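Labels A, B and C are assigned to the chains in the order they are written; within every chain, residues are numbered from 1.
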Amino acid sequence: MNASFWDWSYAWSVLPSLLEGLKITVFATVIGSAIAVVFGLVLCMLRLARVPVVSQVVWFLVEFLRGTPFLVQLYFIFYVLPHYGILFSPLTTGVIALGIYGSARAAEFYRAALETIPTGQWEACLTLGLPIRHVWTGVIFPQMWPIAVPMLGNLVIAMFKDTAILSTITVLELVARAKDAGFQSFRYLEPLTMAGLLFWIVSYAAARGIRYLESRNAH
Amino acid sequence: MSTSVFDYMPFLLGGIGVTLKITFAAIALAVPVAFILAFGRMSSWAVLRWPAGFVIETFRGTSAVVQLFWAFYVLPFFGINLSPMTAGIIVLGLNEGSYFSEVVRTSLKSIAVGQREAATALHLPRLYTFFRVVLPQALPVMVPPFGNSLVLMLKFTALVSLVTIQDLSFRAGLIATSIGTSGTIYGITLALYFIMALGLAAMIMVLERVVNRWAGKHTGDEAFFAPRKSAIPAWAFGR
Amino acid sequence: MPTDAPIPTEKGARGDILKMRDLRKAFGSRTVLDGVDVDVKAGEKVALIGPSGSGKTTILRMAIGLTKPDSGTIQIEDKYLWHEMRNGQLAPSGEKNARISRRPVGMVFQQFNLFPHMTALQNVREPMVQVLGLSRKEADAHAATLLDQVGLSTHKDKRPAQLSGGQQQRVAIARSLGLKPKVMLFDEVTSALDPELVGEVLRVLRELSHASDMAMLLVTHEIKFAADIADRVLMFDQGKIIEDGPPSQVIGDPQVLRTRQFLRAVNER
């Protein structure tokens, strides 16, 4: 075994810790995505509804969140909340920040999906005199989801990768643990490479899942 | 409290230069990388297709943070000692280049088959067909996603602060730990990033105009800031 | 079944500019060409008619090498499109050889396929510069003449987006003519046009058929027009040529039932 190149025994010994970190990564991704998917739609609707003041504020907020780095948003939330007496665990803070950033991105995807629906659909609803609620629930949303789902799927994968940034506020997710192991043993090669592999495996599987969903929806 | 914050402003603002330098250097790397990878993926030779696919999958499938740490912590182990700045630019360039290569590939493919068939039927040389028929039609399509990539790159540069590069985020962090008014500092930093993003967006609008003109796509003077008409009618919200 | 076995060469009959032998093509499970032979003499005007999917467009595309047959040979003048002589035997060859062999052929498309980022003049001029090696000035002069011949001299600096369909198609014809092809292929060149614009294109085609000595193959639904200008009409059905003869016969007095049925259905529009 080429011990100077890759140390298998070391790699295996690090794996359990990495997998623990992966659990946290997945947890953060799932909760954060759930927040993003739900709030993204809310934000999108608020923005499109052209409610005076509210819509403009929401629009600005969404553009601001999309145009600034997640890292700095995370720092901001992490350090600001305690001043208002809100004391969350780093993980909770991280998940909330992830959810907020994700909502802004999701809001843009929902908007894009809605804009893609042919104007003829809206015109048909109007000429048929359908009640507004039914227009949305019966005609528009059912057409929006097949367009939005692939984009949201990619968002989830992106958020999965963004969880690595939570390591900066002491959340012990996958990358934090890899760095930790590397720091303690002075060998970063195995832990970081394995962390990379784990990321790759999960996001590849998720991407295949999305493509499968896409092909099912296409019928 | 505010006076001490403003004392540190010059130091903070100095980070803008570093951030922008990395942004532009990395995007300058990402564009050729994107084209090379796109050609690789479209090649009929598997010996080019597979490595290109591998690079794209690797950089798109793993986290940019992991890639940066890998370049920073692991490469020295192999005897490759890059300065943090170089490592950061290379990683970000390869990362964004991998994503953008998909845009390049799909826009080149999207140029209607009819154009390429016409070029064949006119016996035009292949290089000419690519540079004077396909590319002028594909480039305008690539500009808006390129704009996205540019803003994304700006945001990614914040990550290089994690590998000791003294960009805007790094300096903000330093100041915050020194004087404790984190909220203000990070708030200002966010605003600075946002302003930069707006500046980049404006640059992209100019680029769009220039590219469209080069590709001969103007039939007159279009309204520059024409608001986009929404497909969603106002009555849908009960107005 | 497609075969790559060496095929014995045939000395072309005198005057043959295009020889297509035993062409077969299937897309998946659908057979589009089922053993088709076509010989075209220099200067001959041939019309190809028949229902959609009968293989007539596929044959046309094969004549310029845009579609490769599963089996069979195509000869343009004396060169094979997808084969070459190696050690005295015919062997399959690829795109590189096809590029050379297809030079005498030109094609006009149903969708015009003009280059949208160039003016009409540039569209016509560029191939002459790139392929014939003319200087830009010479090519500009020739291009202006060609555009004049198709009646578009006042529009030469306009972009395709500023031209009507009929005008665009006429530019496309001028563009292909610039390379002085020996065989011109026309793939339903009026089918995408508004009815009132069809006439101006047909007029140009009619002039071409009288004035030029190049062979012309036209896939068309304009039966009357075909009868007018063609020396020969080929009726396609289900991947085979079911009737081949002068317009007076194929269109005027078809011998095959299917041809009669087709023409009757077309006339009832």
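Following the convention adopted for this analysis, contacts are C-beta pairs under 8 Å (C-beta built on N, C-alpha and C of every residue); 3 or more make two chains touch, one makes a residue touch a chain.
Computed from a predicted model, the values in this text were never measured in an experiment.
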Quiz item: Whose Cα centre is nearest the centre of all Cα atoms in view?
Solution: B
Self-check item: Farthest-lying chain, centroid of Cα atoms versus that of chain B
Solution: C
Quiz item: Counting contact pairs per chain pair, which pair wins?
Solution: A-B
Quiz item: What is the distance in Å between the mean C-alpha positions of chain A and chain B?
Solution: 20
Quiz item: How big is the gap, in whole Å, between where the Cα atoms of chain B centre and where those of chain C centre?
Solution: 45
Exercise. Between chain A and chain C, tell me the centre distance in angstrom, where each centre is the average of that chain's C-alpha atoms.
Key: 54
Self-check item: Residues of chain B defined as touching chain C within the complex
Solution: 112, 114-115, 117-118, 120-125, 128, 132-133, 136-137, 215-217, 219
Practice problem: Could you please specify the touching residues of chain B with respect to chain A in the complex? | Solution: 57-58, 61-67, 69-70, 73-74, 77, 151, 154-159, 161-162, 169, 172-173, 176, 182-183, 186-187, 189-190, 193-194, 197-198, 230-239
Practice problem: State the interface residues of chain A toward chain B in the complex, per the touch definition above. | Solution: 48-50, 64, 67-73, 75-76, 79-80, 83, 114-119, 122, 126, 132, 135-136, 140, 161-165, 167-168, 175, 178-179, 182, 187-189, 192-193, 195-196, 199-200, 203-204, 207
Self-check item: Residue ranges of chain C in contact with chain B within the complex
Solution: 64-66, 99, 102-103, 105-107, 109, 111, 113-118, 126-127, 130-131, 159, 161-162, 175-176, 179
